[in-house]
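First subunit A sits with subunit B, and in the next complex the same chain sits with subunit C.
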Partner chain A sequence: MSGFDPKKQAANIVVWLLLIAVPLWLPAVGGYIELGSRVVVLGLAALALNFLLGYTGVLSFGHAAYFGLGAYGVGMMIRYLVPSTGLGIVFGTLVGTVAAALIGPLIVRLRGVYFAMVTIAFGQVFYFIAFRWNSVTGGDDGLTGWTRQPLHFGFATVDILHKPNAFYYLVLALFALAAAVMAYLLRSPFGRTLLAIRENERRARFLGIPVDRHIWISWVISCGFVSLAGTLYALLNNFVDPRALYWTQSGDFVIMAVLGGMRSFWGPLIGAAIYVVLQDYLSSETANWQSFIGLFFVLVVLFFPRGVLGILRRKAAS
Partner chain B sequence: MTQLILFDAFNGLIVGAFYALMALGLSLILNLSGVINFAHGGFLAIGGYLAYMLIPYIGFWGALIVAPLLTAVLGLIVERVLIRPLYGRDPLYSLLLTFGLAFIFEDGTRFIWGAQSLPFQVPGWLVTPLSSQYFFLTGYRLFMVLTVAIAVTGLFLILTRTRLGMRIRAGTLDLETVSVLGVNVRILRNLNFGLGIYLAGLAGVLAVGQLGLQPTVGSSLIMPSFVAIIVGGLGSLPGTLLGGLLIGVASGITTVFFPSASEAVIYVMMAAVLLVRPRGLLGEEGRF
Partner chain C sequence: MTLLQVENVSKRFGSLVAVNEVSMTVEPGELRAVIGPNGAGKTTFFNLISGFAEPTSGRIVFDGEDVTKLLPARRVWRGIARTFQITEVFPELSVFENLLIAVEIASGFRLRVRLKAEEVAKVRARTNELLDMGRLADKAGRLVGELSHGDQRATEIMMALALNPRLLLLDEPTAGMGDQETYDITQLIRKLHKEHKLTMVLIEHDMRVVFHLADRIMVLAEGSLLAEGTPEQIAANEAVQAAYLGKAAA
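For the complex of A and B:
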């Protein structure tokens, strides 16, 4: 875990090179650049969820709420207040993070399945608000009538609306920033404390670690980055609807993390890639794609509980 | 105005009875096996559709008895084949598995019976209003409340008076000791799961007479059932019952004053309960 690990560094370099070169190789294998953007956005959400799920050992099933809050935040900012993509991203992320910080104290004392149940139930409040408050959120039809705005850098203006590659690199830049912050935090004493809580909460408590406060902070960080992913998701679609905050969306994030491997940093990104591509394929092939997704959940749980990276790592060890 | 409030409160009570019936089944399974059964709503829908298929052959009353039992048998099979391998693993996995099952059930019922609402025949004499002033008091609604009351009484009698029920309650407190005392915990969990699914199936048969029969009937009931469990108190079945009725009535009364908040109000109640009394209204201290 500590020190310089050449294998790990090599893996990091490969991941980043592949991500940076997406516009070059993705069309060649039959994909399109928006699909790449979607993988990176949902990968960011899954990575952020895994900060809590895989590294703190807290089972949250309600992250869609903060994802959706971020999405509505950016949409409303651009639609009603200031037509600026950058400001919208900041605002959306802030809305989701503040909501998570406020709800945190109510739930950090719960553990295990009960934590999952309460987080998922709380998520529904925001769903119903978005669903019912027609005049502001557009209700079931979603928030329309806005598009992502060009980025102004002082010296240059980048049109991210009509140039999918430019938008992809915006997404990737924010993804890199978020991933770097999370990786840094996990390596810090704070991150090590989270691991200690995951491994043995009682012992951590005996050592004098304020466990509830650590879980609260981890929850806020995790939800904050999920709302960032939510803002990017809304910008990607130029559209938000209440389904972005529905509880089934939370399940998608969890399955991505599990599918890729919860115990590894890049696992959730790989899970997101597999899941997004599979969903894209199934929904274009069959009307009953929901059944296949459900079946996929069951198969992953029964046969690949460690995820792709977990299996690879085990093979490498044996 | 009084009549309107009474009407909505009574409506809420009926909806609350559904929440309670569903939440009791969820609670049974959660307490003994630590599994959140996301597919509970799917089982409810299947109970309804089975009744729909059976009514032409054995009538409404026959279906009321047979359909929940068939649903329970399906529950026993699902537990045996899919959920049993997951005991002892991180609760995350059973959560994801039942989550996937919920997708399959919803899509499967849509595939077999279609997405549109199906007509559901209840006996004619049950549908007529009993009083012209309180027009909302139809026989069917009273019958539903009565059936739920009987089912809940039956459940509590099973839990307190039979050997199986005592073992379930003991297992909820300390499964290891129960196992050491020679009880086959696997069978216990299996039967307990079946009992919970029976309640879902029964709720399904009753619900479709009230809410209409469509594939999403279950998924709209499952979230409030979670809230019922949390409000009532984790680990307490009387609490779950109380929680279900309470949020049903609260949501009904909110409909009078602020209709668009009728769904959100139960989550506000949940937040209030968690803030003031984190273990829930009737939950035991320090259990979770």
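For the complex of A and C:
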């Protein structure tokens, strides 16, 4: 928080170098670039969830709602309104953020499991709307008939549809922006009030923090970045279906954050990488891949409650 | 002018009357002690003043303003700070961060995402000042959760002081402490009283501390006001002796 911590900076540099060099090393270890994009997109969602979970101490099981709103937002913008990837991303992110801002006041007074349950309930509302409203959302079949559009920069046009590397770097650029904003906020006086709430709500209140209001702000920021991740997820697949809004998707974000380590900034990204790679590998071997991820999750929680990064950190400390 | 005026407050939990028609007037600069046997309603009385609970009836006026229905954070903004019987700090943050957060909030920076260099310098200077005052400077980098009970308590008191309160409520500041720690905290409270003219109300079980520090003492028993007066008057009061001895005999 203060001064220059060489260990932390080293970790940051390693993470960024690895992310920037993904197109170079990922194919060499048997991966493919879309897998990298998927890790970064879901990593962004997990990082955003962790802004609320790990740094404010509030567990949401409904983040898929805003992830899905972002996804449908970008899809509908391109399909029905303006075929522009950029506008779609902005629109999808806004839709998700505004929805979170409106729902927030109804839930921020709740705590613990009650908060989590009500976030699920609101999430399921959006799920059923997407599921039922066939004529607009495509219902159970999902929203099809659109693809991500080339990016126009005035001086150049980038085809992100047929060039997976170009799309990866679009995803990475937005990920970097979001991660930088979140990291910056967490180091600010406002960010420290969130840590205060996580650490001890009673003390936070008696220092004069209007706790509910601060949780609302944290919730909106968290959901906003999850919506952004949702837009990228839809663009990655050129497709959205109601599963992006389903509560199990919210659960996946929580699993990623906890798996990687919710007390470290990069933990959720590591968790997302483990989750996506395991899923990619296991789902080609067995239809019951989720059982294995579940087993892995239980083992990590039982033996390494601070997540995978927590293990590495303890090793480094000893 | 009176700083705090508590008028006939009661707090009922179902059929239990935890605080029964208690009134209290605290003048600026006064150090008031609230004593009484276990279960006398002292902490509940504190909770009513600080806004942790709302009275069933009665009125609380702080600096001329009725604060009976205000939320805790709003009472803090008006200058009422408190500590708790069970220390409430941020255990997984360092002592420095604990105090820094309090100072930043007191400076009105709780929603700021960026501070100017001179604001950072000011906040740090104030934080260091509080670290020194609480004799915590050599532990500034340690996590509060790892500190001794006494140092955690000192951190909590310093956090409350960081808010520049006009009224500080201390709920059993020396509970569970050794002799040396009790002495240190007592010296700190005395210093705040004598040098900073801070108005304080404290609940305390350690009678040496109470009679050593307080200007006036208020005695609660079974939720009701039993006696009020100077330490000498209270020491001589037969009803108070009976309440304490009666408890000791039971």
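Everything below uses one rule, namely that the second predicted complex is superposed on the first by the 317 of 318 C-alpha atoms of A that agree within 3 Å, B and C clash if a C-alpha of one lies under 4 Å from a C-alpha of the other, contacts with A are read in each partner's own complex, and residues count from 1 in each chain.
Methods note: a residue touches a chain if its C-beta (ideal position, glycine included) is under 8 Å from a C-beta of that chain, and two chains touch if they have at least 3 such contacts.
These numbers were taken from a predicted model, which means no experiment stands behind them.
Q: Clash or fit: what happens to subunit B and subunit C when subunit A is overlaid?
A: fit
Q: Have a look and say if subunit B or subunit C is in touch with more residues of subunit A.
A: Ranking subunit B and subunit C by residues of subunit A touched puts B first.
Q: For A:N165, is the partner it touches subunit B (first), subunit C (second), both, or none of the two (neither)?
A: After superposing on A, A:N165 lies clear of both subunit B and subunit C.
Q: I want to verify one number. Taking the Cα centroids, what angle sits at subunit A between subunit B and subunit C, in steps of 10 degrees?
A: Between subunit B and subunit C, as viewed from subunit A: 80 degrees.
Q: Give one of first, second, both or neither to describe whether A:S283 is in contact with subunit B, with subunit C, with both, or with none.
A: neither
Q: By the touch definition at the top of the document, which applies to A:S291: first (subunit B), second (subunit C), both, or neither?
A: In the superposed model, A:S291 contacts subunit B only, not subunit C.
Q: Could you look at A:L185 and tell me whether it touches subunit B, subunit C, both or neither (first, second, both, neither)?
A: second
Q: Quick one: classify A:Q9 as touching subunit B (first), subunit C (second), both or neither.
A: neither
Q: So in the superposed three-chain picture, is A:L207 touching just subunit B, just subunit C, both, or none of them (first/second/both/neither)?
A: second
Q: Going by the contact rule set out at the top, does A:E199 touch subunit B (first), subunit C (second), both, or neither?
A: Second partner only.
Q: Taking the superposition as given, tell me the minimum C-alpha spacing from subunit B to subunit C, whole angstrom.
A: Checking C-alpha atoms only, subunit B sits 10 Å from subunit C at its nearest point.
Q: Show me the subunit A residues, by the header's touch rule, that subunit B contacts in one structure and subunit C contacts in the other.
A: No residue of subunit A touches both subunit B and subunit C.
Q: Which residues of subunit A touch subunit C in their complex?
A: 1-2, 184-185, 188-193, 195-196, 199-200, 202-203, 205-211, 214
Q: With touch defined as at the start, can you tell me which subunit B residues reach subunit A in the complex?
A: 30, 34-36, 82, 85-86, 89-97, 99-104, 106-108, 111, 223, 226-227, 229-230, 234, 260-261, 263-264, 267-268, 270-271, 274-275, 278, 288
Q: Report the residues of subunit C in contact with subunit A in the complex, numbered from low to high.
A: Within the complex, subunit C contacts subunit A at residues 50, 52, 71-73, 76-77, 81-82, 84, 88-93, 96-97, 100-102, 104-106, 109-115, 156, 159-160, 163.
Q: Can you list the residues on subunit A that touch subunit B in the complex?
A: Against subunit B, subunit A makes touches at 53, 59, 61, 103, 106-107, 109-114, 116-118, 120-122, 124-125, 128-129, 132-133, 247-248, 251, 254-255, 258, 288, 290-291, 293-298, 300-302, 305.
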